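Beneath this line is the structure, given in structure tokens, with notes to follow.
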Amino acid sequence: MQLTIVNPNTTASMTRAIGAAARAAASPGTVVTAVNPDSGPASIEGYYDEALSVPGLLGEMRKAGRADAFIIACFDDTGLDAARSMVEVPVIGIGEAAMHMATLVAGKFSVVTTLAVSVPALEHNVLKYGFAHRCARVRACEVPVLALEDPASGARAKISAEIARAMAEDRAEAIVLGCAGMADLARSLSAEHGLPVVDGVAAAVKLAEGLVALGLRTSKVGGYAPPRPKTYAGGLGKAEA
Amino acid sequence: MQLTIVNPNTTASMTRAIGAAARAAASPGTVVTAVNPDSGPASIEGYYDEALSVPGLLGEMRKAGRADAFIIACFDDTGLDAARSMVEVPVIGIGEAAMHMATLVAGKFSVVTTLAVSVPALEHNVLKYGFAHRCARVRACEVPVLALEDPASGARAKISAEIARAMAEDRAEAIVLGCAGMADLARSLSAEHGLPVVDGVAAAVKLAEGLVALGLRTSKVGGYAPPRPKTYAGGLGKAEA
Amino acid sequence: MQLTIVNPNTTASMTRAIGAAARAAASPGTVVTAVNPDSGPASIEGYYDEALSVPGLLGEMRKAGRADAFIIACFDDTGLDAARSMVEVPVIGIGEAAMHMATLVAGKFSVVTTLAVSVPALEHNVLKYGFAHRCARVRACEVPVLALEDPASGARAKISAEIARAMAEDRAEAIVLGCAGMADLARSLSAEHGLPVVDGVAAAVKLAEGLVALGLRTSKVGGYAPPRPKTYAGGLGKAEA
Amino acid sequence: MQLTIVNPNTTASMTRAIGAAARAAASPGTVVTAVNPDSGPASIEGYYDEALSVPGLLGEMRKAGRADAFIIACFDDTGLDAARSMVEVPVIGIGEAAMHMATLVAGKFSVVTTLAVSVPALEHNVLKYGFAHRCARVRACEVPVLALEDPASGARAKISAEIARAMAEDRAEAIVLGCAGMADLARSLSAEHGLPVVDGVAAAVKLAEGLVALGLRTSKVGGYAPPRPKTYAGGLGKAEA
Amino acid sequence: MQLTIVNPNTTASMTRAIGAAARAAASPGTVVTAVNPDSGPASIEGYYDEALSVPGLLGEMRKAGRADAFIIACFDDTGLDAARSMVEVPVIGIGEAAMHMATLVAGKFSVVTTLAVSVPALEHNVLKYGFAHRCARVRACEVPVLALEDPASGARAKISAEIARAMAEDRAEAIVLGCAGMADLARSLSAEHGLPVVDGVAAAVKLAEGLVALGLRTSKVGGYAPPRPKTYAGGLGKAEA
Amino acid sequence: MQLTIVNPNTTASMTRAIGAAARAAASPGTVVTAVNPDSGPASIEGYYDEALSVPGLLGEMRKAGRADAFIIACFDDTGLDAARSMVEVPVIGIGEAAMHMATLVAGKFSVVTTLAVSVPALEHNVLKYGFAHRCARVRACEVPVLALEDPASGARAKISAEIARAMAEDRAEAIVLGCAGMADLARSLSAEHGLPVVDGVAAAVKLAEGLVALGLRTSKVGGYAPPRPKTYAGGLGKAEA
């Protein structure tokens, strides 16, 4: 099975880390390819970065060759609906993946993401996915995305402190880590706090493998119908399935 | 990986069919055991049958020996919360499994279940899981559970007709089959109608395998905390993890 | 009028207290019988206990002889839907009873229950009944159910402190006491805090009497239709109305 | 127990019928007084009539002398919040009464009211009370309020036809009659259609009796706090409890 | 364009201030007339005052002569639905106006109103308008309506402190001032706190001007259909468009 | 006042028509500039087209020079959140504009848009904006966007027929036209059907003028905070206010 993961930002070191996290989660026989676009923002922090990363993301999907499923490795699930319209195979966002998995092991979860600027976009996804009464709160630990890679940022301690607050104040029964860059912290934070801590990259790998094994593909009836034939000026939008 | 599937009704032929469907979906290395209780209703059609099947279901889980995950193979997700409280490993209901998978490949789904008496319980689950605006409608094809095994019942044709109505009237983009006994129909109905048709047995196998692989276990913080030590009279309720 | 109250746990002293509270609330001419099953958990604290108490509860209802209405005297409304499917007369849960009554005298209420493990099940009922925006919060005072009968537990003081917090933090306009074992505290806590404090046992008595007087019986159209004829192995489930 | 029912419209024949229906439902020992204001609309059909009936309604409550509880006998629950602010005893609207009772005997109900102009106001109440997912639909039979008293209006047949549609199209498990003038039809329509049909006048009598017996009074904490001392020009608004 | 603003309380000094605020916001060519009834409460604080102010409000609208649009200048949007039923031109409440405008410049807003007694009525409007997940919280600064005009009341400082709390505790991105008497504070509070602060009087003027310019009038299909011909006793309710 | 309207598709004839509709709605003193990007899809029909039009849209805003407010002239409100993050002045989408205005003149509205592929994206916006219980249904008339300009398409008749269905089946009290290309039809369809028909282009002009006049600007607290300084590769994303 060929699983293509697109990190929609342009930071190659983060793409490598995501690829490693995905391979660690993948089943034998799953080939993971992790890519990122050349153009777009270096990290995705808020609506503006999200919007500007989508054409690059779709372009990488178009270049990807045959894939059995795609994963979008930004917790905002950037461009997810557009990506689903473009292809027939399953497309999973790491944000939705983590939330779905969390609701299978806990009544309520809280999200711990990077910056406050991303919280409204995530709350919006929570509402859209249906988890408004399953998600106790979306919290920010105020560590920028790229600082997660820097040991001097104190990121782990800040995330851990936010998890403690989520347990005390939100009565969270599980924690969803709200950034692809936090993938490697899930197990140790789970052990430290004694509750499930879900990383979206690994969660998305398992959901994508599952959908492929089940033969489930993106519905082409309704909102994910293929783009209608039309002119896309400026080299954008050559849609292929 | 040891996956134990409990069919909460007492009909062994249905348990065998569920086991076969689960094995067809399982990854290499996953050992599937399908069991059913000796006591309880022969099929689960409505709230009353649901309630009476739970002690038998929990008893089977208690007797099961080591399992890496459990699946409850009734679309009502009978006894799911109680089962999660009893064990530390993941427990997946086939109803929730199918709905989660459907929302990953479609914006909206409709459920096609057996009898109208089950519709309110399923609508209630839809609300609880958060899919109230993702589930267009829960429909009944008016085929009793055990008649699904009888070729003379016309079950497939009735289900197919209900799918056609769901597409026309509900604008459903995917269909969730609302009974464990429909597991073998998913692929042919999907081909016939040109949209994803999700069977919960197979979906639950993939979700359970995924959670186990991720090391995610049922949260013991909050509602799924282990039962408190107390007397359970009448031989009921010896809780073990 | 014959009102049969089933305490779904096996603690006879609690059944006696519930019976007394119900008789104190009953109208002249209402005969109250309070019973409990022989088998099942000694108290109901969480999903697991709930599930294991239901067959005993239904068995007591089956043995009860003619009743004009049934009351289920556990604040989780254990087995309520199954019970309604089994009989044609009204069945009232004390949890729903207290919540309905609270919304008739206040815009918003908070629930004060026993243990945190029960909170998710109660929040779920709140959602199901429709009171998600009428119930400000479900709170636990961390007194186990059976400790409510023990003067040394400090139960009343802990409940009273939690009520004070509900008024200050939740802007609750009424309090719903979240356990059958708190029935005798309602009036004194109401006087102390100056707002309505609702006990579910008494509330259920009045609602049951009301429904009987109005000639309203459980709908047999839809989800509460009688169980279909089938085999219930193991002595379970002989349904009679 | 003194129960004062205010019909907020000025049609005395309707007040007499409401009083008779209430007395038929009342317990021995309950004294029912039914009154209506001298000023205001002859019937309440829509928002405008509602608003203009409130001062008269409050005036009747002010004149009523000691009452243990009040009932507002218009299905729109006209002026209910204002009335609750004015007094300390319980105040019940017949609309909310019928809906609460319906949810105790059925999973879902539909309302059959008089005219389409009233539907939005009732849908709004449904939302406010929390019954948005318990009320399948609010339907109008297009019989004006005062025509209900006229045998030539064909009212009963039109209501009956609308109930049949509610059962077929909404999967309603109970029917709520949406006008005080339909009180006498509940039992025969229930017998005809084989499901619970709830009349709000009788339902309100039982709820009011229940609240009084329980010693529950309107919360004076929050939104129903007594009006603050101030000038009410034009003879309006002398608030007394 | 003739814009008639009705302050539904009887305090003429407040009407003058509202008129001035409205004129400051009005476009050239808009003639603003601000009136108040002779009868009714001196200020509107809670449900009771609201209800008693409506006939006077409707009476002023009836006397107003030709108006292109009406504004109801009480943040509770007192009598809004009745007023819309009475006329064909647009009617805007200042509460809804401020909330709509806030959602166009911010993801989430909090309301800062006068007294806690008004909070439930406002929360109810928030729900009705659809802003339940856009309004973070309705807060009271505990300054009575008429004290807003008294410099010694410390009103501005109390409102400012509540805004600071809304930003810190509710993560509000905008503030809606919850009383017509706060109209003159919006700009300075916005400058002080660095986020949009919306006054409903000015907001309503712009929305009313906009609707008139677009030729949009109140729908007469459905709930705002004209009152049906009937007797309104006591001089009330002569409906004219 | 300088109002810059960006049609996010590349069809210049549609931009001209939008500009004309906007100018017809604008107040004296408002200068309307209508632009469209050079790159991107020729029309926006579904998620894919939406995503690919955003960079061009943001680019046009960046090139626009001083504007007092921006309008995004696609009914999907394409890129709205990103655009708000980029600038400090108000940004209005024509979809939200029409819906807000419709709720000020009617209790419930239905949307009539072009193609079924767009319905899920619009339903999603309805949910996000809060209008889930104010919007009766989103309907498609199955006329492609660019066919709206072609008299031979029968567009007006198809839209009119869909309005008739919305009135009969959805009980819609107002209609929102779901495409910028329908702007010129609003008044005649309103006259034909006797209810408010709202065009988003004109509605957005009035809302934008209103916000500017009120001095309200996009909140920079929370989700619309300015993009953080970072590298945007490939010439994308130079953010300026």
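So that you can tell them apart, the chains are marked A, B, C, D, E and F in the order they are listed, and the count of residues begins at 1 in each.
Just so we're on the same page, a contact is a pair of C-beta atoms (placed from the backbone, for glycine too) under 8 Å apart; a residue touches a chain by one contact, two chains touch by 3 or more.
Predicted model, so just to flag it, every value in this text is computed and none were measured.
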| item | value |
| --- | --- |
| Labels of chains that are neighbours to chain C and to chain F | A, B, D, E |
| Centre-of-Cα separation between chain D and chain A, whole angstrom | 51 |
| Computed distance of Cα centres, chain D from chain C, in Å | 27 |
| Chain centre separation (chain D, chain F; CA means) in Å | 43 |
| Contacts with two or more other chains, residues of chain C listed in rising order | 107-108, 116, 119-120, 127, 132-133, 171, 173, 222-224 |
| Arrangement of touching chains [line / ring / star / complete / other] | other |
| Parts of chain F lying in touch with chain B, wherever the complex brings them together | 116, 119-120, 127, 132 |
| Chain A residues within the chain B interface of the complex | 25, 27, 90, 92, 96, 100-101, 103-108, 129-134, 167, 171-174, 187, 190, 194-196, 198-199, 202-203, 206-207, 209-211, 213-224 |
| Complex interface listing, chain A residues touching chain C | 107-108, 133, 171, 173 |
| Residues of chain C defined as touching chain B within the complex | 10, 37-43, 45-52, 54-56, 58, 79, 81-82, 84-86, 115-121, 124, 127-128, 144, 222-225, 227-228, 230-237, 239 |
